[in-house]
Structure formats: C-alpha cells, structure tokens
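As written, the chains take the letters A, B, C, D and E, and residue 1 is the first residue of each chain.
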Amino acid sequence: MTASDILTTDSLSVTFGGVKALAGVSISVRQGEILSIIGPNGAGKTTFFNAVTGAYAPTGGRVFLSGREITDMGPDQVARLGLARSFQNLKPFAEMTLLENVLVGREIHMASGMLAAILRSPAFHRDEAAQKQRARELLSFVGLEQRRDQLARNLTYGERKMLEIARALALEPSVLLLDEPVAGMNPTETGFVMELVQNIRRQGITVVIIEHDMKMVMGISDRIYVLDHGELIAEGLPHEVRANPAVIEAYLGGGTLAPAH
Amino acid sequence: MLRLTDIQLLYGPIEALRGVSLEVAEGEIVTLIGANGAGKSSTLKAISGIHAVVGGSIEFRGQRIDGLPPHEIVGRGISHCPEGRRIFADLSVRENLLMGGYLLPKSETAQQLEQVLAMFPRLSERISQAGGTLSGGEQQMLAIARALMCKPALLMLDEPSLGLAPIMVAKIFETILSLRQHGLTVLLVEQNAGAALEISDRGYVLEVGSVTLSGDSRALRSDPRVVQAYLGG
Amino acid sequence: MKKLILLAVMCLATVACSKKTGQETGVIKIGAAGQLTGPEAVFGADMLNGVKLAVEEWNAKGGVLGKKIELVPGDDQAEPRQAVAVANKFTAEGVVGVVGHFNSSCSIPASEVYHKAGIPQISHASTNPKLTDQNFDNVFRVCGRDDQQGKAAGNFAVQKLKVKRVAVIHDKTTYGQGFAEEFKKNLGAGVEVVAFEGITKGEKDYSPVVTKVKSANPDLIFFGGIFTEGGLLIKQYKAMGGTAPFIGGDGIMSEELLKIGGPATEGTYATFGPDTKEVPSAKGFNENYRKKYGEPGVYSVYAYDATNILLQSIKNAGATDGKKLIAAIRAIDYSGALGHIQFDAKGDVKESPYVVWKVESNKFKQVK
Amino acid sequence: MNGRNLRNDLFYYLGILLICAPFLKMHTVYVPLVLLVAWGVRSCAAFAGESRTFSDIRLKTVNTLVAHQTLAVGVILSAALLLPFASSNYLIDVLTSAILYAILATALNITVGLTGVLVLGFIGFYGVGAYTTGILTAKFALCGFWIALPLSGLAAMLCGVLLGIPALRLKGDYLAVVTLGFGEIIRIFLTNLNGLTGGPNGILGIKRPSFGLFTLDHPRDFYWFSLAMLALIVLIVSRLANSRYGRSWVAIRENEMAAGALGINVFRKHLLSFSLSAFFGGIAGSLFAVKQGFISPDSFTFYESVLVLCMVVLGGIGNVIGSVTGALLLIVVPEFLREFSLYRMLVFGAVMIAFMVFRPNGLLGSRMITQEIQDREDDGQ
Amino acid sequence: MFLQHLLNGITIGGSYALIALGYTLVYGVLKLINFAHGEIYMIGAYLGFILISLIPAMPPFLQGNVILMMMVVLIVAAAICALYGFYLEKICYRPLRGAPKLTPLISALGASIFLQNFVMISMGAKDQIFPQTIGMKTITLGGVSFTLLQLVIIFSSIALMALIYWFINRTRLGVAIKATSTDPYMASLVGINVDTVISVTFMAGSFLAACAGVMIGLYYGSINFTLGYLGGIKAFTAAVLGGIGNVPGAMVGGFLLGIIEALGAGYFSSEYKDVYAFFILIAVLVFRPAGLLGKGVNERA
C-alpha cells in the first residue's frame, strides 16, 4: 500500500452458504482516480461493493480506507468515514421528496439535537436552512433542481440514478462507489453521466465504477480491474485490459455484435 | 399480425403512452428503441395486458385483445419475456419451464419441453437446479426458454441484454436470430440500439410516449437523428 | 354516485328506525349492563333475559309508580373501559338504577361513576370482595362474595370430604383466581395443596394441566372458573384415567357443564345458592323463563331478582330519586326466587347463601 | 356486457346466501341483513374506483386546511376546549377515551407509520405505564401522580429498549409477531405477579391528579387535562417528524440498506423511535390509570393492540393528524352504534371492511395527498 | 409422563399446524397476514357441528357407517368453509390489491369481528356441544393414556398435510401457487390467472382450517364463537416459528408449538403456558431471523 492509495482490500473473501462469491480479492484504489471493475455476471462485483461498504460481513481479508481498517464496521460507520455508494437496483426513498432524499444524505453533517427540533430553536432553523441550501446545490449538480419538491417515486429510471448520485455526494465522501450507473441508458444519457463522473472527480472525489458499458468503461477509467468467479483475473490500463486474452475469453468475447465500439 | 392503434396508457396521473401506433407482421423482428421513460416497456406491458390502456386499440390476428387479462393474452399466442429476467428463483429449471407452458394441454407439455431444451442444451444440464442459482446469462436463457414454452406466435423481449457481459450479449442476439428461423415473430425492446437494429427487420423510435420515427432497420441505422441520439455517433 | 347515495340513505334509514322517536315521558328507565357481545356474550344474554322477564312482569301489572318501565341495555364487552362508557351513558340518559355489571373488573370502575351520580347499582354476578369493600353506599349485590364462597367450598372439602391432598386450578380471571385463592386460604394446615395451576380461558386443550394434576395424585380438584373450561377439564381429566372429584363454584353450576363434560361430570361438587326450585316464586321464574327464552343460565335468576329488588325499592320509596331509592334498597326485606334477601351495611347479602351441590345421575342435587 | 354482469351478481349474492345458509336456518330475518352487507361492501369497492368527486372534496378541504393552518388548528382546538360545556358527562367520557387512544395512536404512528415497523403488542407499553402509576400511587402509595407520570413513561420506555435490542434486528412480520408476544407476556405477568400487580383483581383506588388544592375530579377537568397532553404530544411528534429525526425514520422505512449507506445507524434510529413510542404509550397508560381509578389485566388485551393499530391505518399511515382522527372515529362510532345493541359489533365489522375498501389509503392518506395536489397543478399548467 | 405430554402436544400441535398452513399459504401469494383466518377455523368447527346435528336426517346407509359419516361431514364442512375463504378474499382483500401493506389488515380485522358476531347472533353465544360419538374410550399403554379418536386425529392431520404437500409440489396448480408466491407479475405473464391462484390458495387454507375445526370440535366436544381468536394467534405464531411463507415450516412450527406448550405447562407452571411459546419464538428468531425453515428475508428493491 502506497501513500496515494485511498481504498485497499487485502485478500477479501465472502462466502454464501459454502459458495465462494469473492475469493481473496486484493485491490488498491489511488487517490483521485476513476477506477472500473468489470467482469461477467456473477463474478462478484456487487458482492465486492457490499463487502467493502459493510453491507455484508466479509468472511476473510481486510479493508482499509485512508489507511484505517474498516473491515468489521457497519455500513453507517463506513459511510461516516467517507465511503459513499449507489445501488445497482435503485433504492431511492420513494415517499420522500427529492430534496428530502438528499437531506437524508446530509444527516451526518447535521448538528442540531432532538431538543432543538422539538423546541424549534434558532440553531435548528439555521442548521436546516444551511443543509437545504447544500442539498439544492447537489440537486442542481445532477440536473434535478427543478423537481426538488416532487416525490422520488415519480422519477423516471434515469432520474432516479441521478438522485442516487446526488444523495451519495451529500455525504461529502472521499470515495464514491457507483454500481452500474449507466445500465439501461442510451448513448446520449451515458455521455451525460460520463461528464458528471468527470466533474465529481474534479472535486477531488475518487470514483470506483462497476459497469458493463464498454464505451463508458474504456472512455473514462484510469485503470480497470477484471473479476471472474470471485477472483481478480486482470488489471491495468484500459487498452491493456481490452487486449488481454483472458479478459476476451471470459468477458468481452470476439463477436462482431459485441457493443465495444 | 399485431396492430396497435393510437394506444394511451396512464401511470396514475402520468401519461406514459400518448398515442402509440405500430405494426408487426408475421415472421418479422421489430425493434423498439428510445430513451429511458420513452414508453418502450410500457408498450409491451400494454400489449400483454399488464397495464390496461385507456385509449386506442390493440389487435392481434385481427381480433381486439385490449382489455383482456394477461393470461388470456398469453393464451392467444403472445409471450412476454419481461425486463430483469424474473426467474422463479425457488423453482427448479424444470418447474420454471413447466410454468412457462402452464396453458398448454398436458399432453403437449412433455414434447414442448423436449423441443425447448434442445434449443438450450445448457439448461438441460441444470434441469433440477433452482432457477435462482443460475448465472445471469443462464437466467436470461431460461427466461427466453420459458417464454417459448407456451408455443407463442409472437415473442416480446424486453431488454434481454441488460446487465449482461458483452460476451453473453452476443450470445443472446444470436439466439434471437435463430428464433426467427424457427418461424417466430419477435418484438424487441433494446437499449443496445446498434445491435438490436442489426438483427431486426424494422424499427420504431419512441420519444416521450409516442412514435417519432419508424422504418426499415438499415435506414434507421443510417438516419442521422438515430445515430446522434441512440447509436452514440 | 347514485349507488352511494342509495347506500347512504339506507344506512340513515336503518339508524333512524332503530332510534326511539322522541323522548318518551312517563317512563322509568332502568339500566342492565353486561357483556352483550364479545367472548362472554352468553352471560350477557342470560342476564338481559332475566331482567327483561322481571320488567315485563312488572309492566304487565301496570309498571311502577304508575309509569311503565323501560329497559336500557348496555354492552360493556367485558372491558373495563367500555363499562365506564356504559355507566356514563346510563347516567346521561337518566337511568334511575342499574342491574349489573357482570365482571368484577367492569363493576368496580363503573361503580365509581354510579356513585358520583348517586344511582344505585345492584350487581347480579360480581363476586369480587373489592366491589363492596369500596364502601360506596349505592353499591349492592345479590350474589355472594368470593371470600364467602371460598370459605364454603374450603370448609366443605375439609369437614365433609376430609381430603388431604388438593389440586387447585383456576382460569386466571378476577373471579376464578380470586375464588381459588380464597379456597386455598380456607383449607387449613391439615391439607396439602399438591398443585396450583392456571389455565387460559378460551382454549380447548387442557391436557398438559390435566396430566400434571393427575400425576400429583390429589383427593380433590378445585376449579375456580366457568363451566366452559370446567367441563373440558373434567372431561379431559377423566379421559386420562383420573378419579378424583372436582369442586367448583357458581361459575360451573350450569346444565352446560353437564353437556360439555358428559358422564365425566358425575360426582362433581359446586358451591351455590340453595335450591330455588323449592321456593314458589322461583318455580314461577323457571317456568316463565323457559317459555320465553329457553333454559335459564346460572345468572338469569340473579339478574331477575336484582331487577325485582330495584323495582320493589322504587315502589317502596315512592320515588326514583337516588338517595331515597338507595335507602329503600338498603332497607328492603325481599323474598324472591333466590330466597330471602337483605343487605348489610356494605351492600352484600346478609345471609351467606352458599350450600354445596353435587352432580348425581346427570343432575345437580343439593347436598344435605 | 349486462348479461355477464348479471350472472356475476347472481353468482355473488347466491353464493353468499348459500354459505350463510347453515347458520341462518330458521332466522330468515337475517337474509336481507346478509345481502345488505354483501351489497354495501361491494358498492364501496365499485365506488372507490369510479369517482373523483369525493377525492375532490377531500382535496379542497385539505387545501383549505393547509392554506389556513394556524386558523384551522385554532378553530379545532377551541372547539375541542369548549365542547364539554355543551355535552353530557357521557360524551365527555367517550371523548376522553378517544383522546387517550389518540395519544396511543400518535405514539404507535412513530414506529408503524414513520419507521415502518409493525408493532402488534403496543398495548403492552400502555399496560406498563398504567401499572407503574397504579403501583406507585395507589398500591404502595410511594409518590404522587406528577412523579408517577414521567416514571410511567420511562418504565414503558425501558421495556421498549429491552424488547427492542433483540427484536429490532428482525424484519417485518417477524418483528410484528415478537411484539405480539411481548404484549401477551406483559398481560400474563400482570395477571400472575399478584404481590406487585394485584393479579387478576387489579389495582383499585388510583386517585385523580391535582394541582395544589384543585383536583381534576370532574370529567370535564380531566378531559381538558388529557386534551392538553394530547396537544403537547402531537406537537412533539409532528415537530420530530419534520426534522432530521423524522427524515431518518422515513428513510429507514423506505429502504433500510440505502439509509445505512448514507451513514444512518439504522439500529439506533429504530431503537430511538421504538423507545419514544413506548414512552408516549406509557404516558397514555398513566393517564388511563388515573382516569379509570381501577386497572386490571382485562384492559390490556391483544384486541386493544389491534384497535390502536387500526386507528393508525384508518387515519392514514404516517400521518400524525390522521392518527388522531382515526382514534376519534374508532372510539366514537361504536358508541353511536350502541343503538344497534346486539348487532353493534356486527355492523362495526362491516363498516370497517367497507371503509377500507372505500379508502384504502386511510382517511387522510399519507404524503399522497400533497402529491395529488401537486400533480393536479402540474396537469393544469 | 414425558411421553404423555409429548402425545398431548402432538395432538394439539397437529391442529395448530393445519391452521398455520392457511396463514403460510396466503402469506406466500399475497405477503399478507390473513387475520380473519382464525374465524374461518371457527366457522369450520360450526359447520361440522351443524352437519353432525343433521345426521338423524341422513340416509340410513350413512348412519350405519360411522367412519363414512364422519368423512362426509368433514369433507362437506371443509368444502363449504373453502367457499368462505373464497368470499373472504373476494370481498375483503381483492379490492385492496396494491393498497398500502397494512390496509388489508384492517379489513381482515373487520371481517373477523363480523364473522364472530354473525355466528354469535345466529347460533347463540352458548357453547355448542358435539354429540359424544366414537372412539372416546380411553386406552392406556405403558402409562400413556389416549383415546382412539386422538390417534385418528393425529393421523388425519398428518395425512392432510401430506395431501397439501403433494398438491403444492406435484400438481400444476400447486406449482403455480409457488410461482405466484415468488413473482405474481411474472406468473401472470406465463399465463397463470393470478386471481384464480389466489382464490385457490384461500380455499385450500380454509379447507385445512375447517378440517382442524371439525376435528377439534369432535375431540373436545364443545365449540363456541370465540374459538378462532386463540386458535388463530397460536397458529399464526406457529407459522412464524417455522418461517412464514414456508409450507413445511408451518407444519414443523405447529407441532413444535404444541409440544413446547405441553412440556412447558407440564414441567413448569401452567400459568405461564402462553409465555413459553413466545419466549421460544423470540429465542428462535434471534438466532434464525426468518424462522426455523425460512430462508433469509430477501432484500426487496
């Protein structure tokens, strides 16, 4: 582990009822980079995210964030330490407005206590106003500012993805994990997300992406890891990975119909 | 074979389809492309009776089918393989397939099962495994195989390549092509517009709940508007 | 829309029809409170019929003080909260006196409401000592007290049956458990209580308790509770090969016990009031009741007499005013279906009316 | 079309009559009753889907209320304050009961409505509160009501924490059954711990609270006192609901995993909502004890738990005002039905079905209302 | 002693299991706790009683054959009760599909209150006494006492469970129920009439509950209109104990609950009988949060 590594795993393993979903994966994410993790379905990519963020308890190995071990921490602790994520199958808070969705992400930055909330003290109002302002900024960052007072259930699929990103950014994380951010999007929309991810990185946030869309992966990644059957089978720069025979065999395929334009 | 005339569909107060008209002829592969929320999946759901249309008509082989419940529509020969595969995770592969042939007379089930398994040899290897334990690609195969069990005349596939590795995507498209050789008509909804148009005969472009462009697949692939918006230049 | 209007109209019509039109003057209202619905509705029905019978008889004779008597039923669902609501409703409607409630846990909180309003309450079945121990001047009961009954049962077990080992079962209710504890208290040092068990009311399977009791090998099994559970207990105990006789209280003293328990109930004892069949007025009660409502329940006759006492007192007092009426009840010397009734200072019946009954050839017979 | 409908209708009504037949034997008078109920519930179902009139009226009412919030609250409160002058002790008593249940429903709404945790044994907390007050003020006469009141809340809260620590790790209906078990366990302990709780005999002689020399003895005074407590609790709960606490609760209700990933300690927030709701439940119990003056295990049955839950759902899950309205309806309506005597609960059951079929989202709905307004405005533009 | 308690537990556990199956089946397809199911069980018991009281009016060839007669009573009562399940779903639950999760709970409760009072008013609040029929003679074997009827009841429960297990796993309709449980949306897309499947599920559950009701009535000899309340709660607990939605789980849970209660009441204090069951339930759920045989609760998006 070098000083510039912000997130590292050391032979991380997860077992479900005897089946190894993740078999000793060691990766390191460098400060400020955009890193992609690709691999066939069931290779363990989402499991990897879940294990890193504390949603699953790893059965072996260790995880470090900014040099601090987070292996056995719960998801909320990990989040407080600056690791945010989005979900593959979207999980917006459907019965809350967009603004409230993002405000939930601001929760860990809020200072006013219960008594202040009951008494509606000036400190409470100040805190609420400041966080609402920040939430609005984040919504406008992902292009949803106009719809801030609508319920999240009324968003389209693509908008929900944007909302999830805004919500994750509300944590002010140092690392952002995105699980298939452009799945089901057309090239125009994909372009927008790529732009967004670049902007996020420009704010100094390290981004880790799971994605199948090779245009996106090859287009913005600084480095790529390839997982298969819970193991790392390749890593490197985009053009290296694309040319790696093991990756082609397990994942990319050689067919003309493969959308790796 | 299938004709949609000016159909309208509401999700609560939101108008999902604002007058979609399209046609599918016997033996064709027809693709619907469009952005998220344009109404592609809604169109399929309207056809299979999952959501009731509030206006317009749907005709299949000359008979109105709008307003019928889903199971009757399946009975008439339209099979809908929905987005996200939706395998019955607790049921075995065999049970999944048998459920696909739920409406077949008992005497024909075994024979149809054999035929479908012949098309997907991988599934016969896993015949008594629970559906949920299959890999993503296998599940997609199972979903298609299940949709074929009811001997449909028209197969509707919703985003069959979604979330699959590129190598698997290629296989799925090969499978769709081979289905046509078996005499099946296919209505395909795909995000992967390039690949979809490549294997289909005709295409429709949906935008905000209505059809804005349609025509021969080859023509669509070279239409600058399509290229710009859906094929990514 | 049309349908909805029609629905609304029908609902309104139903409500309107069920309401009495206008305030009838010239009637005397008396309340009858008990559980008319809910799990113990059978007791409510028995009580209501008893009260009805008395009221009808009085009305047939021209009412009291020249006015007709109107019966106001109040459903407390055996719930203390509802009992208070019923009590308040009675006072608001100008009821001059109340027969009820059934459960002690309903009678006690309701009695406070009646006390404040200065209305007499005569309970027909609340046997918990606490009810009259509150020393409210307006509260009376025609039934006995658990301590009296527990004493009667305990003395009988020790002196007549000369038992050495007793098993006690109760149904965890105010009545059942209270009675069981009083019984236990009165057994004295020479008797060993080999088991003290509680059961859940409303169940059908009591085999675990019965198995346990049987293995404790008692000479006598006491049951504090109601005939429904009593019948099942006796039946299941005998089916398991048990031989000791059961003894219970007014709660099991019912034809229903014999039906539920079948032949197994033979030899079962129960403490209860003396045989009313020998009292001429009771004979009349039994006949009239059967004619109208079928077989009387255990408490029907208590409700009937409580009503008669209330109405007789109104007649004696010559007024429906609370104070006078209460004084008249306290002073009454009444002979009715239950025999001779006078109240002591607390509002309890002066002479403890308990005797012991035994099931012989499928009938309850008084033990001489 | 009519032919098919007629056949369906015939099938429906005849079928119902057929299955009821064994029970109706000689009681032919019940036949129209059964048909009426069958028809009524069905009409509600048909009507719920087909008209917007009711929804329009409701929207307008809600809009007006929202627009003149302060005024509306003022009017309702002063009406509630003045009501006792115009009504009998009976009505006051019924309303006081309704107020206590409204407190319970408001408290339960924190877990069921806001946090999305189904609790089926809520009456257990009510019982603990009531008995704490009973034991402290009457049984052992250790302290007065004003000390017992907060202690009752705290005792219930302690139970909430003790139950919550193992139970809140469970999900959905499993948790619900554990809380059901808790309610039953509390009741059984109340019945059997004779030395402490008086067993099935309960505790008698709990005094009404007093301010100095002035005792809240008249039903009217106690009504005002309960009303004040309700207002206070509703205020606290609605303010919490509209703060970061409420947002975290709703976030957990909507999606636990996502809430956790946003740094919310799901377990701790669950426990907080659970113990708060237990606390207010205990407070309601304490009030109940002094209102009745007598408590026994009979008041804390499973049926009561479900009744409170009904109030929350009936008013609209997650809606604080809805809970109060639900409590009012479920306590007051059965009182009106007393006219039906024996048929009271029968009618009540049918009304409950019909109501839910007619308004599946509860009387006031939850957030859906504001959303409906929003959507309509969007359509208009 | 131990064997006696065990036998007692198994007898009552069989009826818990039969009722629990109804909860679990319905929960599977609708993810709904059918709170009125206990009343269905009660109605079943009453139907059995009504039919038995009609026996004197039956043809003589039936009256002569006790076993045949009981079979007829059981099947007819259960069949009518299945229709109660059908109408319950049609009236109280079907209009509420897609409503918030707790809404059907309230209409279920309404139905429960309605049915209870309906029976109370039409049949009276008194206990109804079954005629003392067959097999009530006590047999004692090695210190364990039981009646012939008890054995018949245990075996019938097991046979009925085997029947339902076969139905769910081996028939096309049964597998369709399983499919609908996993994914009703997809089920409709393969041509399953989901409404029919749900109706069938309710009917099957009610059928079993009615069988339990009739057997309990015959065995204990008396029934009343409040029977469904405790029976319902106990069976529901049993279903959760085994893992709600899981068919074998309901059976295991039912028997286990019966045995726990019998042993608890027998060896400790019977006053706390209901508490043991809940304590065991809490303990089981703490270690196996989805019940004994339940699978992990799926994370739903």
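Just so we're on the same page, a contact is a pair of C-beta atoms (placed from the backbone, for glycine too) under 8 Å apart; a residue touches a chain by one contact, two chains touch by 3 or more.
Everything quoted here is computed from the prediction, not taken from an experiment.
Novice: Moving only from a chain to one it touches, give the least number of moves from subunit C to subunit D.
Specialist: Tracing touching chains, the least step count from subunit C to subunit D comes to 1.
Novice: Could you pull out the chain whose C-alpha mean position is farthest off from that of subunit D?
Specialist: B
Novice: What pair of chains is linked by the most C-beta contacts?
Specialist: Ranked by C-beta contact count, first place goes to D-E.
Novice: Determine the chain that sits nearest the middle of the structure, using the mean of its CA atoms as its centre.
Specialist: Closest to the centre of all protein C-alpha atoms: chain D.
Novice: Need the CA-centroid distance for the pair subunit C / subunit E, whole Å please.
Specialist: Between these chains, centre-to-centre, one finds 34 Å.
Novice: How far is the middle of subunit B from the middle of subunit C, if each middle is the mean of its Cα atoms, in Å?
Specialist: Roughly 72 Å, centre to centre.
Novice: Cα centroid separation between subunit A and subunit E, in whole Å?
Specialist: Roughly 48 Å, centre to centre.
Novice: Indicate the whole-number Å distance between the mean C-alpha point of subunit B and the mean C-alpha point of subunit E.
Specialist: Roughly 42 Å separates the two chain centres.
Novice: Check each residue of subunit C and list the ones that touch at least two other chains.
Specialist: Those would be 37, 172, 198.
Novice: Can you tell me which residues of subunit D touch two or more of the remaining chains?
Specialist: Residues 191-192, 257, 342, 345, 366, 375 of subunit D touch two or more partner chains.
Novice: In subunit B, which residues are in touch with two or more of the other chains?
Specialist: In subunit B, the residues touching two or more other chains are 14.
Novice: Across the complex, what residues on subunit E touch subunit C?
Specialist: Going through subunit E, the ones touching subunit C are 1, 4-5, 8-9, 11-12, 117, 120, 124-127, 129, 132, 136, 138, 140, 145, 147, 216, 219-227, 229-230, 261-266, 269-271, 273-274.
Novice: Which subunit C residues qualify as touching subunit D in the complex?
Specialist: For subunit C paired with subunit D, touching residues are 1, 3-4, 6-7, 10-11, 15, 18-19, 36-38, 73-75, 77-81, 84-85, 88-89, 91-93, 103-106, 108-109, 112-113, 117, 128, 130, 134, 172-178, 198.
Novice: Spell out the part of subunit D that touches subunit A in their complex, as residue ranges.
Specialist: Where subunit D meets subunit A, its residues are 236, 239-240, 243-245, 247-248, 250-251, 253-255, 257-266, 318, 366-367, 371, 374-375.
Novice: Within the complex, which stretch of subunit E touches subunit B?
Specialist: Those in contact with subunit B are residues 172, 175-176, 178-179, 181-183, 185-195.
Novice: In their complex, what parts of subunit C are in touch with subunit E?
Specialist: 37, 39-42, 44-45, 172, 197-200, 202-205, 207-209, 211-212, 215, 228, 231-232, 235-236, 239-241, 256, 259-260, 262
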